[in-house]
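Below, chain A partners chain B and then partners chain C, in two separate complexes.
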Partner chain A sequence: MSSYWAILSARFRSLLQYRAAALAGLMTQVFWGLIRVMIFQAFYRSSNAEQPMSGSDVETYIWLGQAFLAALPWNVDTDLRAMIRTGGIGYELVRPVDLYSYWFSRALAWRTAPMLMRAVPLLVFAFVLMGMSPPVSLGAGLAFAVSMCAAIMLSAAMTTFLNVTMLWTIAGDGVMQLTFGLIMIFSGMLVPLPLFPDWSQPVINAMPFRGLVDTPYRLYLGHIPLSEFAGVLAHQLFWIMAFLIAGRIAMASALRKVVVQGG
Partner chain B sequence: MSQIVVEDLVKRFRISERDPGMMGAVRGLFRRRYQTVDALDGVSFSIEPSELVGYIGPNGAGKSTTVKVMSGILVPDSGRCEILGRVPWRRRNEHVKELGVVFGQRTQLWWDLPVIESFDLLRDIYRIPRVEYVANRDEFVEVLGIEACLDVPVRQLSLGQRMRCDLAAALLHSPAILFLDEPTIGMDAVSKIAFREFIKRFNEERGTTVILTTHDMDDIEVICDRVMVISDGMIISDGKLEDLRKKVSIERRLVVELEDGAVPAVHPRAVIAGSERGRVDIRFDPDVVSATELISDVTSRNRVRDIFVENPPIEELIARIYEGQGR
Partner chain C sequence: MSGVLDSLYVYRRFLGVSLRSQMQYKASFLMQLAGRLLVNSGELIAIFVLFDRFGSIGGWNVYQVAFLYGIVNVSFAVADAMSTGFDLFGDMVKSGDFDRILTRPRSTVLQLGGQELTLRRISRLTPGIAALVFAAMNLELDWSLANSGLLLLSVAGGAALFAGLIVLQATLAFWTTETLELMNALTYGGVETTQYPINIYRPWFRNFFTFGVPLATVSYFPSLAIMGVPDPLGTPLWFQYLAPLIGIGFLLASLQVWRFGVRRYMSTGS
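Let's turn to the complex of A and B:
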């Protein structure tokens, strides 16, 4: 265990050095948050029909989304990509560690370090200036915390899977763009999932992406009652396992025919 | 049994090709053509513990592929490879613990972290016992002269500094075998010398087996006892450096410097290959006329200021082997 912890911690520390990127990301996320909030305010004002989610809940949902945006599996590990391109990946393959666990540790750091740097100031901003509401109850807050951890694990498992696909594609850009669209739409990042048409709900609920965004945020809002907590957590855990297994299988098969670039 | 046994190793790569130009690119979207390249075409050798082996050959000959197979990174199409009794790609984790690797032009250090943190990370990854780790680290830091680099992020190091740190990183876990794949590429003279001396010394003190691929013949001359030459995926020569010299070129050179700068009168069985500013280059075959015979002949006929026998430079030898193979 300790070697994977060491890898996670090393990657975490190296990512904390990118403070300018964090600052730029923070500004962009504040800006986008403001735009999204304004769009939804306009939308809510223009309609008298009863909505599946209140206006203030949507705003909190949006600010949570902006705060934890960097935790989404929206890109591949740039260090790994560079290694795969240049052949430095050879070094990864001569370490006496389980390569999947090694990469998963990297992915976990890759998802958490940038997220933490952005989340803290953004949440402060949203609470103080934008009137974001706290969790609806202590129980909801705890359920959110647990579910958010599961969301990060799910994101890391998906990221690792995407990283593994680079062993075939080298670049990873195509796969990334495909998944990016799916994630943005079906996680709830673009539009909160309760606002999607009723007929689409069963499909959306079955897909893994809601576990990244919608599940923890709605637990926070109390929009998913605590009585349903076990069920939605099980959904997240199921998909975490699914991506762990898929990632392992993909990696094993990639390593059997890997061609190390260069040299 | 030998430490490293490689038998009849074959590895082919399929490389996709496309016709040049726009039409070729469009056609490539629908139909791919592949070309098969034999990177290794029946490579065999065995290496005993604590040998210093140079592995040379032109670009694309299969040097790195061999090293990658031996490292467990690549799985060969056929053939046998056993290192310390293990098949590298089957028991990867146990195998790589015994292995130190340096790939030139790449680094195993973490780009954004100070060097010392990469070392600590390797300690955790290899689970190196604390005492061993500290002893190794302190020794390498001193001998390789990288004290000043330790707290610097890797991205800020010069290439020479980085490669020295990389070498230290590869050896922290006291591996039994060290693979160096073109380690001295791009290094300055001082770093190269430090690098070579360190490897020789490490081998003497610890008995670590070293396999070195390189294009720098000085690396070979300074470090290696044995040289294997690979070309087009086949080993075309394997033996001591002196034997390689004898095999390729029986011809020797006698360089003579004359008092008066005149063209010397020479033994009938030797040939004057050239002369420049009073230095005359005489080629001879030691089987036909011995060096002592030729020297006494030249000194008796001419007023000689200086005279010495020279081996042909190793680059020339290698070039000749490659050429001979091409024919």
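Let's turn to the complex of A and C:
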């Protein structure tokens, strides 16, 4: 655990060195959020049919998505990739920590630090200027907080799993691209999941990706009632465990026949 | 004339080398292609999902929006594939690699444009073309010479406009030695914006993408003319036909700014 805090604070300090880049990223996301909000507003103006989610709920969902975007498992750890390519991975193997836990802590810090940097200013902006609504109740707010923590754990578990696959592929771009495509479509980042066709809902609900975005946001909106909180949290925890176990098995089998590149 | 032919020959050789090197890692390459295809089809899937729920947007149906999506994405794919070198330009300035390019007896634009044609960048073409075909099959368009010509012109104008944006973004690196993420808001954000009809947006935003970064002139306006739909914003037909030329003008202007930047370039010296 202490190694986790050390990594997290190091990551924070290095991120804070690039304030201009952080500001540029923030403005990009505000711009992006505005485009998406206007598109959805236009869709809601164009139809009188009853929708599974209200227009104002969708707007809040979009701003939450922009605020917590950096928490998504959208890339592999480039430092680890460089190590695997150059042979620096040899040093990782001799560290006096459990390698898998260490990589997981690393992934957790890697996701948390940039997310916190962007989430706070973006949420302030959305609340003050864009009319984003607060959690529907105190209970919903707490459920959101717990579920968001689970979402970040899930993201870190997926990231670690993807990092481990690099031990085989070296590049990792292919697996990453495929996963990223699935996340974009089935997490709710592109279109809030309740708006997907009714026949597709059972499949979408079974997949792990909703746990990254859709589950916490809908708890926040009260769109998933508190009575279902335990069930959706169990879904998130199940997939966290699944990725952690799969990653650990994959790493163990990779390390049995590891070839350290370079010399 | 022989200068142009020579440039084309060199450009083709650059691309050949780049493609052959990527094919060396076949499995990784195929997975990347599949993944990119999925990522780039995401927006198109979103369009189908949303139209399934809402039926129309601002008076446009799913076929008309698919047509817009097709024009914008094919344009961007072409521009993106031709300007990878400009994309990576910030790193070249930082490392001093740009100095090497300046010493070679070919223009900087040709060398950077032919830098690397990453196949994965072409993956954006597929959903774009699929959307255009899907739209054309359902829209009963009049494929007169004028309309076919206008479609080609608007894709060419769109590619030129996106290429111009990428060149401008790279030019900034002469001063900042850093390519700015903010400019991505204009390229990727522009694709996102103009794959939907521009009349759905608030006026300030619409004006920004018509007069500031004139992406609407290469997609929205010519599409109206091709589909034979009167513009809810009230522009005349002749304007809709000529609008894509603005994209080509934008690229020419960007290249002038680029040349100005090259003349003022000071190496980082490393």
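Convention: the second predicted complex is superposed on the first by the 242 of 263 C-alpha atoms of A that agree within 3 Å, B and C clash if a C-alpha of one lies under 4 Å from a C-alpha of the other, contacts with A are read in each partner's own complex, and residues count from 1 in each chain.
We take it that a contact is a pair of C-beta atoms (placed from the backbone, for glycine too) under 8 Å apart; a residue touches a chain by one contact, two chains touch by 3 or more.
A quick note: this is a predicted structure, and the numbers were derived from the prediction, not measured.
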item: Of chain B and chain C, the chain that contacts the larger number of chain A residues; value: C
item: Partner chain(s) touched by A:Gly88 [first = chain B, second = chain C, both, neither]; value: first
item: Chain B versus chain C as contact partner of A:Met184, first or second or both or neither; value: second
item: Contacts of A:Ala230 with chain B and chain C, given as first, second, both or neither; value: neither
item: Partner chain in contact with A:Ile245 - chain B first, chain C second, else both or neither; value: neither
item: Touching partner for A:Met176 - first (chain B), second (chain C), both, neither; value: second
item: Partner chain(s) touched by A:Ala49 [first = chain B, second = chain C, both, neither]; value: second
item: Touching partner for A:Val120 - first (chain B), second (chain C), both, neither; value: neither
item: Touching partner for A:Thr28 - first (chain B), second (chain C), both, neither; value: second
item: In the complex with chain A, residue positions of chain C that touch it; value: 25, 27-32, 34-39, 41-43, 45-46, 49-50, 52-59, 120, 178, 180-182, 184-185, 189, 192-193, 196, 200-202, 205
item: Chain B - residues contacting chain A, complex; value: 13, 64, 68, 71-75, 92-94, 96-97, 99, 101, 103, 106-108, 110-113, 117-118, 120-121, 124-127, 181-182
item: Interfacial residue positions of chain A with respect to chain B in the complex; value: 2-3, 5-7, 10, 13-15, 17, 79, 86-88, 90-91, 93-98, 256-260, 263
item: Chain C-touching residues of chain A, taken from the complex the two chains share; value: 21, 24-25, 27-28, 31-32, 34-36, 38-39, 42-47, 49, 51, 169, 171, 173-182, 184-185, 190-191, 195-197
